[in-house]
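Beneath this line is the structure, given in C-alpha cells, with notes to follow.
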Amino acid sequence: MEQTTVKIGIVGGTGYTGVELLRILANHNQAQVVAITSRSESGVKVADMYPNLRGIYDLAFSEPTVEVLQACDVVFFATPHGVAMSMAHELTAAGVKVIDLAADFRINDLAVWSKWYGLEHTCEDLMPQVAYGLPEVFREQVKQANIIANPGCYPTSILLALKPLIDHDLIDVSDIVADGKSGVSGAGRGANVAMLGAEMSESFKAYGVAGHRHLPEMQDKLMQMAEQNIGLTFVPHLVPMIRGMESSVYANLKTDMGQDQLQTLFEECYADETFVDVMPAGSLPETRMVKGSNMCRMAVYRPPGSNKVVVTSVIDNLVKGAAGQAVQNMNILFGLPENSGLNQVALLP
Amino acid sequence: MEQTTVKIGIVGGTGYTGVELLRILANHNQAQVVAITSRSESGVKVADMYPNLRGIYDLAFSEPTVEVLQACDVVFFATPHGVAMSMAHELTAAGVKVIDLAADFRINDLAVWSKWYGLEHTCEDLMPQVAYGLPEVFREQVKQANIIANPGCYPTSILLALKPLIDHDLIDVSDIVADGKSGVSGAGRGANVAMLGAEMSESFKAYGVAGHRHLPEMQDKLMQMAEQNIGLTFVPHLVPMIRGMESSVYANLKTDMGQDQLQTLFEECYADETFVDVMPAGSLPETRMVKGSNMCRMAVYRPPGSNKVVVTSVIDNLVKGAAGQAVQNMNILFGLPENSGLNQVALLP
Amino acid sequence: MEQTTVKIGIVGGTGYTGVELLRILANHNQAQVVAITSRSESGVKVADMYPNLRGIYDLAFSEPTVEVLQACDVVFFATPHGVAMSMAHELTAAGVKVIDLAADFRINDLAVWSKWYGLEHTCEDLMPQVAYGLPEVFREQVKQANIIANPGCYPTSILLALKPLIDHDLIDVSDIVADGKSGVSGAGRGANVAMLGAEMSESFKAYGVAGHRHLPEMQDKLMQMAEQNIGLTFVPHLVPMIRGMESSVYANLKTDMGQDQLQTLFEECYADETFVDVMPAGSLPETRMVKGSNMCRMAVYRPPGSNKVVVTSVIDNLVKGAAGQAVQNMNILFGLPENSGLNQVALLP
Amino acid sequence: MEQTTVKIGIVGGTGYTGVELLRILANHNQAQVVAITSRSESGVKVADMYPNLRGIYDLAFSEPTVEVLQACDVVFFATPHGVAMSMAHELTAAGVKVIDLAADFRINDLAVWSKWYGLEHTCEDLMPQVAYGLPEVFREQVKQANIIANPGCYPTSILLALKPLIDHDLIDVSDIVADGKSGVSGAGRGANVAMLGAEMSESFKAYGVAGHRHLPEMQDKLMQMAEQNIGLTFVPHLVPMIRGMESSVYANLKTDMGQDQLQTLFEECYADETFVDVMPAGSLPETRMVKGSNMCRMAVYRPPGSNKVVVTSVIDNLVKGAAGQAVQNMNILFGLPENSGLNQVALLP
C-alpha cells in the first residue's frame, strides 16, 4: 500500500515552536519537511542551532521564498504575528494549506484583532476559509478549512476545561475566572532580561496586568461556543519551569450538580478524544504528566458548601499548546490518522 | 542603656520553620535562644543538621522538658499540630508566652477545628488568652495575648490581600476565589516521594482537592473581619521552587471603583505597616522580591469590562508565612521594635 | 513480511528505570511487555502510579513468579542489586535472556564485587555467559551473551569518553581523573530527605566521599580495555536537575597530539556508532542535547600549555545510562535493528 | 563612642554585583552608600530596578562624575573590565580607595593581562599600590593598598582550596586539575539567549573551551603563592541554579599523607579565619550551605589507592566570590571589624 507523504514548509523555524515541530515531525511517517526558512539564519543548519537534531535533520535554514513554499502541501508559520497574513493569499491561491501558530487568524472580529495586535488585518477576504484549530471543539470546520488558526496555549487549556460545562449549559458564563500558569518556554527564545535563568528561577509571579492577548481570543471563542455574551477574568502567571501549563478555571453552577455527575459528564464529553484525558475523581493533573506529549489532562472538582465548579487542566504549552496541536490539525486536513507523529509518551520523571 | 534580652525556647526545631527561626534570631540583638528541643535528635548539634548555622550556634537539640521551657520568656512551637496544645497550660501558668507556628489555636470555633484536625481540643479554657498573630489585622489583640496562633502561610497572604477591601465593605464577601501557589518548602522536611526533586521539579499542579486546612482558618478569620458569613473558594497549587508563595484573589466589587481609587485605598490601608508593601499601579509582585525577608508585597488590579477586583500578594512562606511573622509577634509581645531581627533584605537574584 | 515480537518481562518496575523502560518500549514495534512485577504494588495499574502512561498501558503490576517470567523471551531487572542474581539460574536455564540494570554482573572480579556490595555472589558459574552491555566497546560479547550486565550511568559516560584514547594507547592510564555530575533521578524514587526538592534544588555538591560503587566497575572495565593496571580518581557530584549526566575526564597524553588530530581520531572511532556523537571542535555538549534520548554526545579538548587532554561527555542517565542502553542491548541480543524503539529526539527546550 | 562611617560610591550598580553590594551594605552599621552610578539608568531609583530594595534605599542611579566619587572614602567598581582603570588615577590621587570587582588589577603581568583582556593597560604606575583582595592569602598587602583587585569567583574558591597544600609544599604544583561549577548569576544580567531560563534550566555543561579569563589570574597567583612555575588545567561548568559555586581540585601528593593529617593541616591553616570553614572529615560542602553568606566551606579528601588529594570548596559566587569579599576588603582597608555587614546566615532551605 502506498502512503501519502505530506510535503511541509516551516516559516520562521528558529524559535521554540519551530524546533518542536521538527522534533515531532521526525517521528511522523507520512510527513517530510522540505523547507525551513529564516531570514536571519539562512544557510545555517538547523542541527547547528538545535543540537538535539544532530543526526536527524541535515536541512539548513533558507530564505523564505514563495516559490519554495508554493511547492509544499502545507506551510506552518512559527513566526511572530503578521507574517502568515502577509503570505496567506499567495499560498492558498496555489492550493497550499496554511497553519498559523501565531495569532493572525484567531479572532473573527477583525476590529478586536486590530485593537489588540496593533495592525491592519489584510486577509478579511480569507476569513471564510479559516478554522480555529482546536479539534476537540471545531473538528468539522478544521476538515474543510484552508487556513488553520492554531490556538494559543492558554486558550487551548481553558477552552477544553470549559467545553463540557458550556455544551450542557451548566454555568453562568457571565462570571468565569481563569487563573493560568505557564512555563517560561512560552515566552520564546528572544533575549529578554526577565526570562534569564537568574531572574525567573525560584520565583513565581502574575504578569500581563495590562491585558493578555489570549483574553480576546478566548472571549471570541467562548461566545461562539456559548452562543451568548460571556464574562471572563483571566490572569496569567509565570512558573519557574521550562514546559507546561496549568489552568484553574472557576465558575458558578446554575443548577446544583454533584461531583459524580460532573465526573461522568466530563468523561462522556471526551470519551472519543485521543488527546484529552479526564483524570479519575479525586486526582489532579500535574504538568509533568504531559511533558513532551500532545495530551491535555484535566480534572473537575466540586468544592463543598458553594455553587462553584473548578476545572484544572494541564498541557505542554509547546505541544498541545502549539506544535503538537498544529500537527494534529495537519493530520485532520490531510485525512491522516489524527495521532500520526503524536505518540510521544510524556517524559516522567 | 540596658537592653532586655528575651530568653527563647524552641520546641521541635528540626523542621524548616525551626531552622528559619534560628536564622532570623541569629541577627536579633535582644533575643537569645536558650533551648531547642527534639526528641529524635536529642544531643545532635543544630549546626550538624543545618550546616548553614556552623559557627553561629553551638547549641544542641535537647529533650523537651517543662523545667527548661518554663525558664524561658517565650516558647515557639515549630511542631506538628497537637504539641503546643499539650504544653500550653503548664507554660502559660508559669508566665511563659507561647507562640504556636502550628494550627492548635488558629480557629476559634473548636468544633470546626476538631473536624479538620481530627483531635479533641484540650485548651478551650485558654482560648480567651489567644490572639491570631496577623499583626496588620489583629495587633491590639496580639499585644495582650499570652498565646499567639501564628497564621498559616496561605491565610497570611490571602487575608492581607483582602483586608483593604473588607475594611471598606467594597466586595461581595459571599463569592471570593483565592488561587494560591506555594513553593515546596511549605511541605516540610519529611521524606515524601511526591516532594522529591525528581518529582516536583519542572512540574506544576493543584493539590488539596479534598480540602486544605487553611480554608477553615481563612473562613474563620474572614467572618471575624467582615462581621458576616462569607463564601471562599480556595485552591492551592505547588510551584517548583523552594520558597515563596503567591496568591491571586478574585472578588466582585459591590460598587464600581477605578484602578486609581483602589490603589490609593490600598496604599492608605498599609501606609504605617513595615512589612506590607503596596506596589505601584501597573506593577506586579514576584516571590523573589521577598525571598528570605519578612515582607508581603501586593498589587491591586481592576480588569476592564467587569466588576472584578484582583489582588496578587507574595510572601516568603517560611518568613512572613511562618518564622518571621512569629518573631514579629514576639517583638510585639515584649514591646520591642516590631522589626527587630527582621531587617533581612530579600535575596535577589 | 512477518516480524518477530520479543516478549518482555520487567521485574521491579516501580522505579524510574522501570517507567523509562515502559516509555521507550511503547514506541518499539517489535516488543511487547507481557509482565511487569512488583511485590509492593501488585495489582496496581502502572498507569495509576505513572500517569504519563495513562491510555498507553493497561498492564498492572503482578507478583514476580518464575512461571510468568519463564514465558518471556527476555527479562529486565530494574531492581536493587541482588535480585537478578537470585533468579538468573532459573531464567537462563529456561532459555530466557536476562538484562540486569542493577550491578549483579558488572564486575568480573567477584571478590571485589562482594567487597563493594556486601553480598556473597551466587552466580559464579554464570559469569561466562555474561557480557558487559556497553555495545560501543563490547558489542561482539553482547551478541553471544545470555546475561547482560547493563552498565552504570557514570561508567557509560566515562568509558565512552576514554575509549578512543585507550584504543590508541595515547594516555598514561595510571593517572586519570573523572569528575562526574548527575541529575537527581539517578538517586531513584525512594523517599530520602536529601533528595527532597527543598534540599537539592538550587544547590550543587560532591558526594560519595566514602567511595562510589561505579569506581570498581570502571576500574574493572578500564583494565580490560587497556590490558594493564589503571589509576582512576573519580568524584561524583549532584546537579539540581532531574535528568542528565556530564563527565569531564582528564588524562595526560604520552606523546603530543594537537586538537585536530584528536578530533579526527574521536570522529573515526565513533563514525559507525548510532548513539555516540562527537561534537565539532570548539563546541561542548550540554545535557539538554540528549534529554530523553539514547545519545551520548562528547567533545575532546586539548588545553594549550600542558600535556592534558580533556573529554566531556553527556548522556541522559535514565536512557543511555540505563533503560535506553538496556533496550539497545535487547535489540542486539535478538538481532533487531540496534535503534528500534530508540529514535526519540531529545526534548529541547 | 563615636563610630566611623565610610562614605561609599558604587560605579555601575545595575548588575548583580551592584545590587548585592547594596543588599550587604544595608546591614553594615558603619557604611553609607552616597552615590551609585549608571549611565544608562541615570535618574532611575535603584528600588525600581531591584524591588527587593523597596523601602530600604531611596537612592537613584546618577551619572558617574569625578566630583561625586572623589567625595567618597571608597569607590567600588561593579563594572565591566576597563572602567576602574580609566578612573583609578583621579580617585587614588584624591585619596579615595578603589575596590575593583572586575579584572583590571588582578594580574601582575600586564602583558598577560593585555593578551587576555584585549586592552592596553593604562595603570602600570599604580600597580605597586594594588593588592589582590583575597584576605586569607594576602591580608597584609590588602591593609596597605590603595587599590584592591577583588578576585574572580573561581579563583577565590580554588586558591582557598589549594592554600594549605601549597603553604606546606605538599603537592606537585606542575599538575593541578580544577573542575569548577558555577550558578548562572555569574554570567551577569545581560540579555543573553544561552542564559534564558528555557535554555539553562535542567541542563549542565562545560563551557569556556577557548580558555577562561580566570585561568591566567589563578596561574599568576598560584605562582606567587608557590614561588615556582605551576601547571593548572581548569574547566568551568554551568550549573542550573542561580547562586553558588563549587570547585573540585585534584593534585598529586609529593609525600604520602593520610586523611587525618590532611584534615588537621587544613583546620589549622584556617583556624583564625572567620570566612573559611573546614568541614569535618567525611562530610562534603554543598553550595546551599553558603547561599547569601560570605563563607567558603571546604573539605579535603584522600582517595585510597593513589597519591591524589581532592579538595572541594563552595562559595556563593556573588558574596565571597564578589560583593561580600569586596566588603570584607573594605573593612580591612578602614580598620573595621572584618565581619561588619557580613553576618548573613546562609538561606537554607
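Note that the chains are named A, B, C and D in the order they appear, and that numbering of residues resets to 1 at the start of each chain.
Following the convention adopted for this analysis, a contact is a pair of C-beta atoms (placed from the backbone, for glycine too) under 8 Å apart; a residue touches a chain by one contact, two chains touch by 3 or more.
These are the chains along with the protein names UniProt gives them: A, B, C, D = N-acetyl-gamma-glutamyl-phosphate reductase.
Keep in mind the model is a prediction, meaning the values are calculated, not measured.
Contact with both subunit C and subunit D is made by A, B. A count of C-beta contacts for the chain pairs B-D and A-D puts B-D on top. Distance from the centre of subunit A peaks at D, each centre being the average of the chain's Cα atoms.
Rounded to whole angstrom units, the spacing between the C-alpha centres of subunit A and subunit B is 39.
Averaged C-alpha coordinates give centres for subunit A and subunit D that are 46 Å from one another.
For this pair, subunit B with subunit D, the centres built from the Cα atoms lie 36 Å apart.
Residues of subunit C found to touch two or more other chains are 16, 183, 185, 189, 198-199, 201-202, 240-243, 283, 285-286, 288, 291, 349.
Interface of subunit A with subunit D (complex): residues 16, 183-185, 187, 189-193, 195-202, 240-242. Put simply, subunit B touches subunit D in their complex at residues 16, 19, 22-23, 26-27, 50-56, 185, 189, 201-202, 242-243, 277, 279, 283, 285-286, 288-293, 295, 297, 318, 343-349. Here subunit B touches subunit A in the complex through residues 175, 177, 179, 181, 183, 198-199, 201-207, 209-211, 231, 233, 235, 237, 239-244, 246, 248, 250, 252, 282-288, 291, 299, 301, 303-306, 308, 310, 312, 314, 349, going by the rule given at the top.
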